[in-house]
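Alright, structures below, take your time with them.
There are two complexes below, and they share chain A, which is joined by chain B in the first and by chain C in the second.
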Partner chain A sequence: MTRSDVSDVIVIGAGMVGAMTAYHCAAAGLRVTVLERDAVAGGTTSACEGNILVSDKEPGPELDLALLSIRRWQELADELGADSLEYQAKGGVVVAMSDDTGAGLTAFTASQRAAGIDAQDVSSAQLREREPNLSPDARSGAYYPQDAQVQPMLATARLLRAVRDLGGTVRTGTEVTGFVERGVATSAGIVHAEHVVNAAGTWAGQVSELAGAPVPVLPRKGFILVTEPLPRTIRHKVYTAEYVANVASSDAGLETSVVVEGTKAGTVLIGASRERVGFDRSMSLPVVRKLAAQAIEVFPFLADVALLRSYLGFRPYCPDHLPVLGPDPRVPGLVHACGHEGAGIGLAAGTGHLIAQVLTGKEPDLDLTPFRPHRFEEAPA
Partner chain B sequence: MPNSSAERNEYDVAVIGAGPAGLAAAAAAADTGVSVALVDSGPRPGGQYWRHRTGDDGTHHHDWAEFTRLRARIREVDHLAEHAVWHIEPGFTVHATGRDPVRARRLVLAPGAHDRQLPFPGWTLPGVYTAGGVQALLKGHGVLAGKRIVVAGTGPFLLAVAAGLLDAGAGVAGVFEAGTPAGFARHPLAVAGALGKLGEGAGYLRVVGRRYRTRTMVIAAHGTGELSGVTVAKVDANWQVVPGTERDVACDALAVGYGFTPQLELPLQLGCATRLDADGSLVATADDRQMSTVEGVFLAGEVCGVGGSALAVTEGLIAGRHAAGVSAGSRLLRRRRAQRRFAGALHQAFPLRRGWLDRVGADTVVCRCEEVRHRAVTAAVDDLGATDPRTVKLLARPGMGLCQGRVCGFATACVVADRLGRTLIEADLRGLAARPVAQPVTLGELAG
Partner chain C sequence: MRFTFDGKAIPAEPGQSIGAALIAAGHRSWRRTRIDAAPRGIFCGIGICHDCLVTVDGAANRRACLVEAAEDMRVTTQEGAGRAELEC
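Let's turn to the complex of A and B:
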């Protein structure tokens, strides 16, 4: 059973990043085919939290992408309807549980303000105004009005719906098994296109191998806890200042630093751990226990709240913690959009926008050099 | 021995679930001299089948002698009552609410099943119960769910529930069986005979008598604020309503059940392989020794196939012996073969038919915890491109609430598969059945 098709762009992967890329390309007038081996949003996009954050970013290329993305998300919410994406600009609160951490946080927010983030230092009293149920031990903090959230699966599915409405094709249950001249081989035949975008998330490394242009994307495991539904007790996304250090860390061991937030459904989400243990799908009780303990430290009332479920996912990370974006000079026609680690939901909007600019011959709004696919093969400077 | 085991929280065998299967497993294992812990969330042994109150002499129970025999055999077993198991780690460490973890070299999982529910207009009204819920209320608390009770659904269990209610003096306004137990001849007496063989005692039908109607379904429940009546109708072999046969029956309680859904969370936590059973349930795969596909994890009762209490006891005896490292005699194996054949015939006699899906209107609630209506489920398929129940759950939230899909999971999977124009497959149910936390546990207890 072979099938032959021609489009302008093939997008491999129907996660948040693939959906955003497909949507921006389709909106720019390109004929798009999305190929997904599993179901819509069935990869890491269905195992994450949906935070769109600037608060956890240090000045640098990732922050630039985050700022572009946050603007694009706001525009998309206007275009497609905030409700239909469950997009909410709810703001983020970072708390310091000790004076030392507080001092570090103040220095960090100063550097963020210089880079264009709206980062406001807040006193312990102001903290409690924003989050009345916070632990009395919270010393000081920062407030980030730009932080937002979406329902990632819903947003992905809606964007893919829009892609279909724009004349594009979305094929689920179709695995890319190899690359051919101007196209790919799949479990359901050959598909042709001028360009192939590798948006295969945590599996993008494998896809890049198929293409003969490897990029080192690896899994970083994370757990999330979900509580029983509660009345609105937590208003923002709240995390401890230690989180920022963990996100950027290259430590292979377990790191947990808690992010707590309420959802529209009333459940409270508690994330997330970070571990490099390959694609190990097993539940790790010690990790889950630690997350629970840290959440209680920030919000003591959570001790009496029931845990309803937990889930886990694998963040797609690169050794330098930057995504891989743009054309791959090693294989003409191949474009990467992967390796977004723990920020792929947030960064997807800017990513899709930039990739569509590249594929329609425009000058991208951001310099893609720091994200270039072949950077890992270059001799160290 | 048992004492030191208790002190160390370490046993040769831990049995989870103290219903017929678990009791039998604990008894059989203990008979061989190994140390055994029996963990159950209930205050007393017996499970759903032998649910009873303190001081209960067994008058209204079936196979009570069997229960008391098994209970006597577990004297050397540490019965850890009122501890709900929420997670099991490989190796094995059993985490239950309100106590230190229990370690065991082998496990017997006998967590039983709960009523399988199918949505229909009005099923979320107060006064609509599961058949098992009504029975548990009676057995466990001596409480009648209503003054005029309608029992409906499919399967021999309906008769057991109705007979128990009548026995306790309840008014039963009707017993409506959607199927025609054709596999057991056309005469309903054959069903009663079958029940006798199943160990639930004959004579139900005599008690229930003319209230029993086959090929009849409750197609809607009515009431403002609470249940005041139901509409019943004749259905054809495919459970399509025969036009013109609808009639209203006044009642203040409805006990409804369409078979059972085994509790798969513990086997799935441990990585046990599963299969789709003849009744459409997801069950864990057991070999001849009742061992799952995971070394040292044994299964007994509904978790490896719904088949009633007598089969559950047999499986428990086999599982308990093998878990203790002793093989089961050929007599037990023969008994199990016969009982399984019988359970299979029952599944064939009381199949679910597609017609129930036609009664689920766009407005009918499918998931009551999250109040997800049928239209949201189908929209996830039609508009959002979902191709399986798990994706529907993530997009439209059925099964995301307090019950975590225990109530609506099966129905959601059926609705989705039907919308996609295909039959239910194992992966559909598996995608909704995995629960790393098998029972709600507070974050405080989790954090330790």
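Let's turn to the complex of A and C:
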């Protein structure tokens, strides 16, 4: 057995959550092996927008994780270099297109302020100062200085480079096919470790079945549109207040609520639709059309801007919309870090930090009880 | 048939792309990149790479390799993203 076949921690999945978990574990002195059946950032990490948001969170355990994560992202930008992650602390702007929505938003920001979010109500004039290209129909809004953005693929690759620099191993093209005593069987042999972290994203449910400790992680399909490169036309992450309602929704049908943001490369990203249709990769022109129309409502200048392409991804969601974090009491050594739905890039930083604390025997900074893996099997209280 | 490129008359055959006509007239580049202002012209020549972008009759980001030349078309060198008017 070579040294690389024995680690302290195996992380299954080289997406953002896996990379963050591996990085924090390696930085804490653990020997880490990352196993990825496809390529680095080959799943949802390369099919999302790189959102680091507190603005769309209601008070509760997910918000606590988001606030921890935002702090960790800021520290990581200092540790690893903001440019190497394309980390941009650009802030978020939420827009209400009607007075009714505006009233709902004001009540929402009040609850968020009470929970520790910097949420500032802004008038329609102040909105246009922040976003000069915004539609004159925007009635009111909220400004969230804590919201940020990264280039998720670049940031994942950067984190995994740091894992290697810290002595860790990253094996792509290596699929986990089963669990063995203190380790996993893979397409390239047995790999041993004290702990196995399930960070397989939208496919974490399948991995949990292999381990004999199922967690209900399901796919939610989302389209994102990409425009031609532009100069800076949109300064913040901008979305409509309806987005918040949709994020928290359990409706199976199609929902679209637009999120618009510029990128360092110049393209503008327009997201995001939400559909529960399984792993269906088919293109849908009506969905793309609806997203484009909603984006034009918020930023009328987009009507004359060309789309280069669209892409889709599968967000990993659990029935209660909370991630699954921490040791699984059903299988000693198994730890989950999955089910982050559409917030995985943002929540990954806190997730990696907490999992590393657990695996090094420390008291985690956040109570993991609301995220416990076996909660779905418990009888309702 | 003739169109203009940065004010200069360029001859073109019917069915010829702007890019082909520019190359035939001895021009190798007609765009400057967004970050380094480096010159660009035809790279793939088949509409995939978006390197040959040009401004046609005021509309930016047209692919010179795909757009057919037409009489009196006004083609200009594209600076950066070609949409400077939108910047804020």
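Annotations for the structure displayed:
To be clear about the criterion, the second predicted complex is superposed on the first by the 377 of 381 C-alpha atoms of A that agree within 3 Å, B and C clash if a C-alpha of one lies under 4 Å from a C-alpha of the other, contacts with A are read in each partner's own complex, and residues count from 1 in each chain.
Here is the rule we go by: a residue touches a chain if its C-beta (ideal position, glycine included) is under 8 Å from a C-beta of that chain, and two chains touch if they have at least 3 such contacts.
Since this is a predicted model, take the numbers as computed values, not measurements.
Per the definitions stated earlier, placing chain B and chain C onto a shared chain A by superposition produces a clash between them. Once the two complexes are laid over each other on the shared chain, residue contacts for A:A306 go to chain B and to chain C alike. Contacts of A:Q146 after superposition on the shared chain: neither chain B nor chain C is touched. In the superposition on chain A, contact of A:Q112 is made with neither chain B nor chain C. In the overlay built on the shared chain, the residue A:R235 is in contact with chain C alone; chain B does not reach it. By the touch criterion defined above, A:T174 lies against neither chain B nor chain C after alignment on the C-alpha atoms of chain A.
Using the contact criterion defined above for the overlaid structures, shared-chain residue A:P132 touches chain C, although it does not reach chain B.
Looking at the shared chain after the overlay, A:T263 reaches neither chain B nor chain C. After superposition on the shared chain, chain A has more residues touched by B, the comparison being chain B against chain C.
After superposition on chain A, the chain B segment that clashes with chain C is 132-140; the remaining candidates among 6-14, 24-32 or 132-140 show no clashing C-alpha atoms.
When the two complexes are laid over each other on chain A, chain A has residues 228-229, 305-306, 308 in contact with both chain B and chain C. Of all residues in chain A, only 39-42, 46, 153-154, 157-158, 160-161, 164, 170, 172-173, 225, 227-229, 265, 267, 270, 282-283, 285, 288-289, 292-293, 295-296, 302-311 touch chain B in the complex they form.
The part of chain A that touches chain C in the complex is made up of residues 131-133, 228-233, 235, 266, 301, 305-306, 308. By the touch criterion stated above, chain B contacts chain A in their complex at residues 87, 89-90, 95, 269, 370, 380, 383-388, 390-391, 394-395, 397, 400-402, 404, 435-437, 440-444, 446-448.
Chain C meets chain A in the complex at residues 34, 50, 61, 80-81, 83-84, 86-88.
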